Amino acid sequence: MPVISYIDAVTMALREEMERDSNVFILGEDIGRKGGVFKATQGLYEQFGEERVLDTPLSESAIAGVAIGAAMVGKRPVAEMQFADFIMPAVNQIISEAARIRYRSNNDWDCPVVIRAPYGGGIHGALYHSQSVEAIFANQPGLKIVMPSTPYDVKGLLKAAIRDEDPVLFFEHKKAYRSIKGEVPEADYVLPIGKADVKRKGDDITVITYGLCVHFAMQAAEKLAKDGIETEVVDLRTVYPLDQETIIESAAKTGKVLLVTEDNKEGSIISEVSAIIAENCLFDLDAPIQRLAGPEIPAMPYAPTMEKYFMMNPEKVEKAMRELAEF
Amino acid sequence: MPVISYIDAVTMALREEMERDSNVFILGEDIGRKGGVFKATQGLYEQFGEERVLDTPLSESAIAGVAIGAAMVGKRPVAEMQFADFIMPAVNQIISEAARIRYRSNNDWDCPVVIRAPYGGGIHGALYHSQSVEAIFANQPGLKIVMPSTPYDVKGLLKAAIRDEDPVLFFEHKKAYRSIKGEVPEADYVLPIGKADVKRKGDDITVITYGLCVHFAMQAAEKLAKDGIETEVVDLRTVYPLDQETIIESAAKTGKVLLVTEDNKEGSIISEVSAIIAENCLFDLDAPIQRLAGPEIPAMPYAPTMEKYFMMNPEKVEKAMRELAEF
Amino acid sequence: MENRHKNMGLSDETVLAMYETMLLARRIDERMWLLNRSGKIPFVVSGQGQEAAQVGAAFALDRSQDYILPYYRDTGIVLAFGMTVKELMLFVFAKAEDPNSGGRQMPGHYGQKKNRIVTNSSPVTTQVPHAVGIALAAKMEKKDCISFVTFGEGSSNQGDFHEGANFAGVHKLPVILMCENNQYAISVPADKQLGSAKVSDRAIGYGMPGYRINGNDPLEVYQYVKEAADRARRGEGPTLIETMMYRLTPHTSDDDDRSYRTAEEVEKAKLEDPMITFRTYVKETGVLTDDREQQMERDIEQLINEATDYAEQAPYAKPEQALDFVYAETEQEGTR
Amino acid sequence: MENRHKNMGLSDETVLAMYETMLLARRIDERMWLLNRSGKIPFVVSGQGQEAAQVGAAFALDRSQDYILPYYRDTGIVLAFGMTVKELMLFVFAKAEDPNSGGRQMPGHYGQKKNRIVTNSSPVTTQVPHAVGIALAAKMEKKDCISFVTFGEGSSNQGDFHEGANFAGVHKLPVILMCENNQYAISVPADKQLGSAKVSDRAIGYGMPGYRINGNDPLEVYQYVKEAADRARRGEGPTLIETMMYRLTPHTSDDDDRSYRTAEEVEKAKLEDPMITFRTYVKETGVLTDDREQQMERDIEQLINEATDYAEQAPYAKPEQALDFVYAETEQEGTR
């Protein structure tokens, strides 16, 4: 199996889906001739032409809204928000429209749109090119939010998102784009949206996380294993709606749970994970449910000192895991 | 002390603050000559004139953005979003701008703006006139979100919000507007933003909630008291950032906690409350942390059957409280 | 009175059908107010005064293939596109059988796929980019259909109007944007809404033609929309049409318009009521005889009576039906 | 060469100061690229080619009281409004002493209250409604100041442009909206951005005058902005000015512009580089002598050298300083 980077898995999934289904098209800012500011759509303009690889005006609400309109009449649009931070002008279209079209029309209409956006920090992006925005959308039934951690998951989940009958937000960690590589089959496959993935089995403690932090947890788990501590690492993959079953199962098994996110803590995805556990397996727990997250500040600053202070890393995760194991 | 309605407390607070400080002005759709679609600003146009009671064009992003601009140069704008549901086009201005102005400028600039909006259901408002939108904003350091339950709290907290040095979202339950009445001093007073309020003391179980649901919990608590079960009712009042101290104290005391919201459950404010408790007082708990919330659907439908099915009410709260007490 | 429709290539039958659709829309609207005031339905949003523009426009479209994105006052448009009186009554009574939403949405939030009436929400103007997206899809698929979207003049101040119109202008998409300028956005008069003199002044900013026309005249509206539709089908891009009219009722059944406008103003506007002026036209040009008119009124009344009775007696959705259709059925197990 | 500035009432000193500010902006910009390419600073966003419009406009404002809301290319404007070279260097080096953000924001996100430079973010065009709000406050307080806001032509397609401009138009607020049309939004050329032929075509849609002018000519920009400022101060409302220019560098230091435009196109645009054409003007009209020019270049180089050294050696904020200033200090205890 070829080893490719996280971003190449994005491109591969887009290309294969566009080849498979002529209704699939992509639109966004600079995704055409330039191939995207991160090059996620490189080569697609050349292969599929201007009409299916549409450079749009600089207007996110229209990007989302036009995609929604096209999706309602049978197209399969994949819209790119250049940075997750710039999804904000499109919130009305995403929450009031995409998420509610099937429901409000009593299943008469639907809206199979995918909105991709790079999120996350650690790339000197400062306040507005580093944010985790998933929590803003993670209270809206009708939406699904996918945040893959590996190239394998990227390909399988992006394809699943494009084939999904409902709107999917697909957030890609921009620091993972080139730093994370992995084996990806050349063949066609999809992975289930709505299912968490146990990336590592273990009996002593559970770490539940998603995105880039999965790798930090995996690295730390290897270190702990050398000291005889076996960590179960649960990759949420779909952060909304959550896969309660897998969360509950792992929490009940180890009784010690650490939740990790790069986002700031209050109101984050891991708060919901904690609430699910507290509701369902309180008496299986041997330690308080720990949350490890960014500080309560709007987003990470530009200066390297402060960026590093905010950003999650393997050391922070390892430290929290050891504390939990010793609890 | 005069007994007035929840909405009259809004008007009273606005009037008093406008009389006190000439920098305070209000703006929004239909708030002038018409006095607001709910009449929250009735009489203010006549008293303060067109300039300080500004009917704006139908454009929420401009309402928020213009208010932010004015706030940055020393004004104290209070913007009204006609319904909380229609705050969505202003999300970019609220999250990217208002919440980050102080932080991004390293304390050079600030943004003392208040954005008021009626939220909540039970008034035949259907999908787009019934929503609870607080969770969308409850992950954004820099913002504060206030959701009062009584006329007394409305007046004290709205005044505090207007005097606050930072942006405050102030959500008013539209079903409470006329159905909830209470004593409100004619004198000037403010209540602390960021502090929960124990609305009722009790040793057996704790109910933590906010907004209209506080009244449901209070009613149910009276019934349970007749059966010898004493309920502590914590009114969050500020739902972001949360008052961890009061939450932890009450949860630790009773060991049995029910969290209630009118919003749908996943990703709601009470998920964060649960996570705080699970993190801080796990070993004080005698029962799983219960959450009682709306179903996982986008918002409540129009037909009375389905609206009632969604809407929180005293019976649902009482039932959950009894189950918890018996646990 | 001069016969204007002959020169436009409109037959007497078509003009009569236009009048009848307008009249039907008006009578339904009046009935809804009665039902509301007698406590039978909780809410009415009204199109009185806007029927001419709605029906004139709808008749200029290809009702067998075009997509429409009406806003909440557009009873005339959805009737012309095939929604039945019974369906409209099921909607206002919020009954399970309502094809727009199964009783989930407030009245006026139309949607019916089989008639290509695209589902609409309450936040205004979100439908403009949708119309543009549908036009984009039509262009990509080289289909002959176009999309047609309406909105109020107040709503033309939303960002989505601007972004959608510009997108359509850049890609020369087959879409018609029709503003129903009824001179108020709830209580706020147009001059406090619009920096410009006209909504149509905005067209040039998106590279499309813009026209302000008489929205009380269905023939004029027909003509302009027809031309815009032809142009759209020829691949020449979008058009913005501003139709001038007056909102003859309060904003909705929850509104009291006396706080922001005078009775005189409303009375004056009633003189231009298209139901009066266009009636005069069809009568004086001999399109509508007295007999035919009486029959028409009787038929409409009966239709509305039957529809009302049916809708009133129809069942609500069951409480638990509130849980249905959050996601596609096939996937509910996986995701719920 | 004809002396144009005399007729405009501009002294030689003022014109020289304009040229010097432009030159300073250009030299700073060039230095930043050097620093970036040698790995000393992670990011540059450039204003090369846009200095004429920036400086021409800034000089037409009242720099003692007007508020400016510049966008990320506006080095020329903030220099004219009092930001120092040292401060700019502290910004690009992201040092604690940076007055814009304490090292928190990416370069180009200006803000400095003492000079009435309003803090800016990355999401484009959000500053337009802010400028309108500041103008509203000025009007309410009957102050003589106005607000001045800039943005790119791509950004004029955002909803916030439309909503802000319309709000200003309705209330006739003292604000100037200046578009710096450098013909690209990153890789997307203006004709794929704008449905209209010109950004200035949008002015009529908000009831304000709109002008497209030569952004490579600081005197022309001065003239139009001055007139707009006078009108704003007289209470006659907003103006939209579109200044035409070319972005001479890639979008930012992260961009490679060869994938979307030809070297020939860039070379051709360089012939209109305002640093060349305006230099010719000041030389030929005798405003700038050879001696003075050499001295100017030496002074600027020294200034930039010193500022660079200072900034390079200045300390970063401490890691925990990331926690400061989320809320007002006095309240942190209560709310954290």
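Note that the chains are named A, B, C and D in the order they appear, and that numbering of residues resets to 1 at the start of each chain.
Everything below uses one rule, namely that a residue touches a chain if its C-beta (ideal position, glycine included) is under 8 Å from a C-beta of that chain, and two chains touch if they have at least 3 such contacts.
Just so it is clear, the model here is predicted, and its values are computed rather than measured.
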Task = Select the chain at the greatest separation from chain A, using centres from the mean of Cα atoms.
result = C
Inquiry  = Count the C-beta contact pairs for A-C and for A-D, then tell me which is higher.
reply    = A-C
Task = Averaging only over C-alpha atoms, locate the centres of chain A and chain C and give their separation in whole Å.
result = 40
Key: Distance from the mean Cα position of chain D to that of chain A, given in whole angstrom   = 36
Ask   = Which whole number of Å gives the spacing of the CA centres of chain A and chain B?
value = 30
Message = I'd like the Å distance between the centres of chain C and chain D, where a centre is the mean of that chain's Cα atoms.
response = 45
Request  = Can you tell me which residues of chain B touch two or more of the remaining chains?
outcome  = 57, 59, 61-62, 85, 88-89, 92, 96, 100, 103-104, 127-128, 141-142, 241, 296-298
Contacts with two or more other chains, residues of chain C listed in rising order = 101-105, 109, 121-123, 157-160, 162-163, 166-167, 170, 192-194, 326, 336
Request  = State the interface residues of chain C toward chain D in the complex, per the touch definition above.
outcome  = 157-163, 165-170, 191-197, 201-202, 204-208
Request  = Mind listing the chain B positions that touch chain C in their complex?
outcome  = 29-30, 32-35, 37, 55, 57-62, 85-86, 88-89, 124-129, 295-298, 300-306, 308-310
Task = Give every residue of chain B touching chain A within the complex, in rising order.
result = 61, 85, 88-89, 91-92, 95-96, 99-100, 103-104, 127-128, 135-142, 240-242, 263-264, 266-272, 274-275, 277-280, 282-283, 285, 287-291, 296-299
Ask   = Along chain D, where are the residues that touch chain A in the complex?
value = 42-43, 94-96, 101-106, 109, 121-124, 154-155, 157-160, 185-188, 192-194, 254-255, 259-260, 316-323, 326, 336
Request  = Note which residues of chain D are touching chain B in the complex, please.
outcome  = 67, 98-102, 104-105, 109, 111-113, 118-119, 121-123, 126, 128-138, 140, 147, 159-160, 162-164, 166-167, 170, 324-331, 334-336
